[in-house]
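First chain written, first letter: the chains are A, B, C and D, and each begins at residue 1.
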Amino acid sequence: MNFGRRAFIQAAGGAIGGILVSPLPWQLAADSAKWSQNWSWRPSPERGEITRAAGVCTMCEGGCAVQVRLVNGNRAISIEGNPANPLSEGGICPLGASGLQFLYAPYRIAQPMKQTGRRGDISGLKPISWEEALGELGKKLGRMRAEGKSRELAGIISNSASSMSDLWLQFFTSYGSSNLFRMPSAADGLRLAAQLTTGKASPFAFGLGNAEYILSFGSNLFEGRGVASLVFAALRQWTREGKRSVKLVQVESRCSMTAARADRFVAVEPGTEAALAMGIAHVMVRRGCYDVDFVKDKVFGFEDWSDNTGKKRRGFKNLVSSAPYTPEEVAKVTGLEAAKIEELAEEFASRQKALAIWAIGQADNVNGAYHHLAFAALNALKGNLKPNGLVSLAPAVPLAGLPPVQKDPGADESAGPPGLDVVRSGSAPYRRYGFYEFLDDVREGSKCSVEMLLVHEANPLYSIPENKLFEQALEKVPTLVSFSSYMDETAAKADLILPDHTAFERYVDVVGIPCAPFSYYALGAPVMKPLLDTRHTGEVLLRLAGSIGAPVRASMPWKSYEEYLRFRVQGIAQSRKGAIADKPDVPIIKLSSAQSVQPNYSSGEELWKKLKSGCCWYDAPSPVAGFETASGKFELACRSIGAEGALGDDKLYLPHFAPAELSGSESEYPLLLVAYKPSYTTVGYLPTPSFMNKLIPDKVLQGGDILIELHPQTAAELKFAHGQRVFLKTTQGGAAVRVNISEAARPGVVYMPQGLGHWAYDLYVRGKGANANSLMEVHLDPVGLMGTLLPCRAQLRSEERGNL
Amino acid sequence: MRQKKSKALASKPLGAVFSLSGFIVALVVGWIVFPNLLYSKKAQPLNFSHAAHRSEECESCHSLRADGTYSGIPGISRCRECHESAQGNSREEASLISDYVEKNREVVWKVYGRQPDNVYFSHAPHKGRGLECTRCHRDVSKEEKLPAYRQNLITGYSLSTMKMVECEKCHASKGASNNCEICHK
Amino acid sequence: MSEGRHAQGGVRFGMVIDLDKCTGCGACSVACQAENNISFRPDESNKLRSITWMSIFELNNGGHYPDYKYAFLPRPCMHCDSPGHAPCTFVCPVNATTRDENNGIVTMVYPRCIGCRYCIVACPYHARSFNWWDPKWPEPMESMLSPEVSTRMRGVVEKCTFCHHRLLAVRSKAYKDGTDPDKATYTTACADACPAKAIVFGNLLDPQSEAARLSKDPNAFQILKKLNTKPKVYYISAHDWIRKLSDNAVA
Amino acid sequence: MDRALIPAGLKRCSLPVFGLWMLLLFGVIGWGVFAGAVVLLKAMNVTGLNDYFGFGAYITVDLAIIALGAGAFFSGFLYYGLSRFFPSLKELGKIINLAVVVGFVCYTGALAILVLEIGQPLRAWFGYWHANVHSMLTEVIFCISCYAIVLIVEYVPVVLENRKLCEVKPIKVFGRSLHDVMAIFALTGTFLSFFHQGSLGGIAGVLFGRPYAYRAGLFIWPWTFFLFILSAIASGPAFTALICGVLEKVSGKKLVDRSVYDLIGKIEGVLLSVYIVLKIADTAYWGLVQSPGLGLKMGDFYWGPYGIWLLIAEIGVCGVLPAMILLWPAGRKSNFLLFGAFFLDIAGVSLNRFVMSIPAFAAPVMPFDKWQVYIPTVYETAPTLAMLAYCALIISLSYRYLPLFPREKELNRA
């Protein structure tokens, strides 16, 4: 055996030598290294021809034209701006650039689903076929209508303007319900203010591109979304020649991105921007440096006035000149020095093309009607509302109107329980803004009942301030139908889900851009086959209309959503207005009613083709031809607010600073909580995409912890260290948060970012911090009954868990 | 002790034999057995006879796109242009029609020269410099039957994938850049 | 001698970023992620391990509320032009990262990188990220990956490449069209995306290019100029406090 | 078997006791190997490293252990090389075997850790195949592997002196002949170790983007290149001596004459003081001339846990102090002071390696950048501890079964 061992060793020795002079070991080394090229199971993207398809981004109201890059014409890989678009000039925002992460989102709903278990139990949601889903929904809608319960159908849709929302309205009206609501937004306030002062129901629009001095009352211009397209177009305009030609003054309490990038930051107590506006008005009036002619000829209620009962009423001049609006008084409220107010007013009054803006962007409505009026008043004093002025009304897009709704022959209108329109008569002159009041009524269940609620492109359960109102209202609603493409918080609670396509899988359009002083229309055709078994909600509505009843069918005669859009676009063609922009150098941002745009398209067909190819349609606004108020003037004293003589206090007709009663005692809740919308989160129907997660700074989110901003001094008083875990409590709720000591925060105020704290979707979205909406308190505005999000009282308690 | 020693001495010539045999066995394993084990032969889903298509221009199937990228192996739609219906009655032809053309399925060819993801290769510059296809590709003009596709079991790459050193040599000799990012993405 | 090599080539791609136009929206960073198949994880809040080629730093003037001011500084790879070698290319033991002296782009070859992270240590701009995890895309997000850029494997370093695959594409087209490939120009994904047009990309040696013009702007500056890394990324700001933050100045 | 292997005429502790000790060491090694396996399988996210700390515990320990190991073998150079000219150095022969063992374990251990340190171990060999000649790391890769080979060659004859192995004639012959050529290896080894030590220093020194680490220098070599060499030889022999001292304490036997310690003390004293003088000069230039030129003042380099204490400890407590003790004859006389000084010396050099691989890169360079702190995880500490355990293991085995100390027998005649 000894011998054997020796032999073995010798053979082995030889073998080793042999192997070393063969390729084996070297090849193995090389190949293992090559293997590591695919370590470990590194995905290998399919190769092929790369093409671009035009589309329009509908992820916010901005309406940027975009291009989708495709591999082999069927796999979308990225979204780019469309260089031919005069609004974006090829630029795109982070949300737009992340767009495909929604198309390929793991949390997309793959096919219709029906809740078989308890509501809200995800595992109870079982896939069903489209035939079943549509059949079930159609049957139910038909039955309700037959039973005269059509008013018990309610709907909540997104607040962006598209032909889809018009189709929804058509559907509801023809069905016989007026309970269709858009998600609340700051635009509501702009529309209301415009309606009160000018008598026209389209929101104010601002000539950002033509202004030279912009006094912004808390508009988050640079926080992205909303009017990002407009703001960036303006920003490029301002900096055309390299240096900024426009002075931007930002008035708000937090040093927001806008405030930081503004030429001047005027820091005021949260929610007192309107007081400052009134203070500025005071100075302008006192010094007489305002557009005297315009005010004399075109403004009603500047001087004292008498209503038609003959009662003498105080005018605006009289009001601002008196006690609460002297710089000294305003200084007390806003926390500014009186001198600074004088100086600011001086600057605003003296500068040419000075513009006061507010409520721009995808913002919550943080101002009551009277505050909106105060800001509008400043523009009135500057004479900005003259024809071709810096402030105009958002021009309408001449789309073909929808056919008149047919009533059922012999249907008794009074039959059945009343709809909300009847219920709320008299409570406020402008009930159409009453989304929150609707929620209240449904919660109480006394005034009205809702049998079925339809939700499309909205996630109210998460994204409305004081979202528990919706949750409570939902408990009173037997059936919730969601058309969401994603398993969001609201969809997860639905009893029936009919998932919509995502953008780029369907026909979409953009009808105008909020606050834009020009009219704009863009259209997007599907760039690829739908990934999943989803259906265009527009098509679904048309299909349902067919199954419900003759009148509804007749009011929505189109075979497909594409056909419907073609029909609408024909309207533009017939109007022979506006033009197609296929070059970026169209000065769309500088358009005013002074210019007239010559049509550059011959036929409706050509227009349609051009729109489909990614070009947008635009038109200069038509000059504001007079005001449609009772006085025929711009009403500083809005007589339409109260039936003549109904209101005791004169100032209730006038712009004024009206601080709301905050709930909770100051002793228990010594701090103020302000929720802000940062640029790196999304706050509406869409969650923050994974790409944008990388943008969220670690001073806002660390792991699962959200950080609130606190001024060093306040933190010192409370003995909080940076990063310390604390508990934030308001009268509405509480959340575990951590402290970010920041110089951007105003002393005594807690700033909490919105868009975090989702509990639905997937682990890329879920479990990141807390949802600010569930801590906030919403106040009903007395004029429009619109929900107003004011700063609310809050307290911070240190948690035992201590620092980290 | 002493006994052991004598044994050791006795086994000296034998020892040489043992080690030599070990050496030879190793050589055989290293040079012949191993390479054959390392590469697996894989058949193409379908035979394609380049010879049979000699009438066609190469470019009519393998062309550069307008953006300068290379179309590679044509898709089934291109085949359909001529093979809407069977062109002859070979089994291959029948399968082409029934399994692909009619079902409108792409043929999943195994690409002999396919480079890894991290490699960027553009035909345009090479064609532009007037290189013959056969400089890198096998001459297919008379090829009746597609050769077997040989795949490296460890790397998963094709045996005929051109090695980097080959590219570098040619680039160097032609004075073309050998910077990494010219060929890597 | 390295100087000599350095001099050759009439092309030096570079970037100029106007910090006064930048609003810090992050479009550049996201566009970059989409263009370059940058992997992401459920939790990206640990910025020291989050892979971004275009990171956005926040600058502030050190003031106190309400005189506090801040601005944003998008930071791609600087593609340092320092004589002979960039800080990173100098130290890479395996030539996985090199500078193409024909166009000045500092490149990175993933299958060559052994993951020693020496280059990460060498870079004062933190422009390089290491793949601490296996790249994994949630189903079905792999469908979003671009074939123009290879995905990285675990354990290697990656960084901004000035989207050089776009350069290869335009050169390839130039060859096809028979035009001069060395004259071909392109832009990066970030520059394309920027909604404020704050990012300008181009050949710094071509007097006609806007990038070259802007890089000579009196308000233009480089970061850490004193280190002599010769960044090819320039920044512009009219604000002194921002320009002050461009380099360390011993008080 | 155990008995048979123990060198003739030498006393060793009983097998069970030794077994227990082995068991302990194997325990630690096993733990470290497991942790290492996790790092390789799960990728490096299990470590405390991140994009701000590319280097961490692995590199620090490697640098330190290599400095001490290579330095240890410097005594080999003194013995084989210089003793021809300075007979007094012959004394070192009494401890030279141990020096070889120490050098061997340190290098092989360090190599093992390096495999964990790189993200793509399968590509480790690219360092030779695709070498970038400009990179200090390339120098390191080449030197470290060549030198590891040299050390193995040097360790072999020591092993071959084992009683049982010597019974086999050819082996004995082979071993002896190796001994004769050892001088050549010692010299190549020393050259390699010098060069390699220097390139390790170069690693930090060449980083012109990192003012904290960057140093000007001669030709392509920054000052750290030379400082690392000096510090290594100024601490390595001390390391050997310290280990020897520990062995004596543990075994309760005299292994070398006190004179050896004294000699090493003297040598180290001189070397350390030369080093520390240069180090001070270098630090002064770096802090007061070079850094201001790059816009930074020394204060910018020290913050929080990475405070100025590092500098004081490294240069003052662990530099000047031991140097003075070792130069002072009375100091060398006292075991406490002598070995204390050895210890401080070693600590100082290790601290230097730590500073050059962690705080040096924690210091922000961009004015708007922030300091970060690095905390190693168990996946870094375990393998490094295991590496130390491995060193202890080999040393124990060598001591038990090999005649490391030629004078052990006489010294312990009772």
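Quick notes on this structure:
To be clear about the criterion, contacts are C-beta pairs under 8 Å (C-beta built on N, C-alpha and C of every residue); 3 or more make two chains touch, one makes a residue touch a chain.
Since this is a predicted model, take the numbers as computed values, not measurements.
Between A-B and C-D, more C-beta contact pairs are found at C-D.
Here the spacing of chain B and chain D, counted between their Cα centres, is 50 Å.
Remark: chain A and chain B have CA centroids separated by 56 Å (rounded to whole angstrom). Distance from the chain C centre to the chain D centre is 40 Å, each centre being the mean of its Cα atoms.
Here the CA centre of chain A is 64 Å from the CA centre of chain D.
Counting partners per residue, chain D has 120, 123, 126 as the residues that reach two or more other chains.
Looking at chain A, residues 32, 34-39, 42, 44-45, 50 sit in touch with two or more other chains. Contacts with at least two other chains are made by residues 67, 69, 116-118 of chain B. If the chains shown are joined wherever they touch, the resulting network has some other arrangement, not a path, ring, star or complete graph.
Chain B meets chain A in the complex at residues 4, 7-8, 11, 14-15, 18-27, 29-31, 34-35, 38, 65, 67, 69, 71, 116-118, 152, 154-157. Against chain B, in their complex, chain C makes its touches with residues 95, 98, 100-102, 105, 107, 109-112, 147-151, 161, 164-165, 168-169, 171-178, 181. Across the complex, chain D meets chain A through its residues 120, 122-123, 125-126. The touching residues of chain B, counted against chain C in their complex, run 64, 66-69, 116-118, 120, 122, 124-125, 127-128, 177, 179-182, 184-185.
On chain C, the positions that touch chain A within their shared complex are 18, 20-21, 23-27, 29-31, 33-35, 37, 40, 42-47, 50-52, 56, 58, 60, 63-66, 68-71, 110-111, 134-135, 137-148, 151-155, 192-197, 217, 238.
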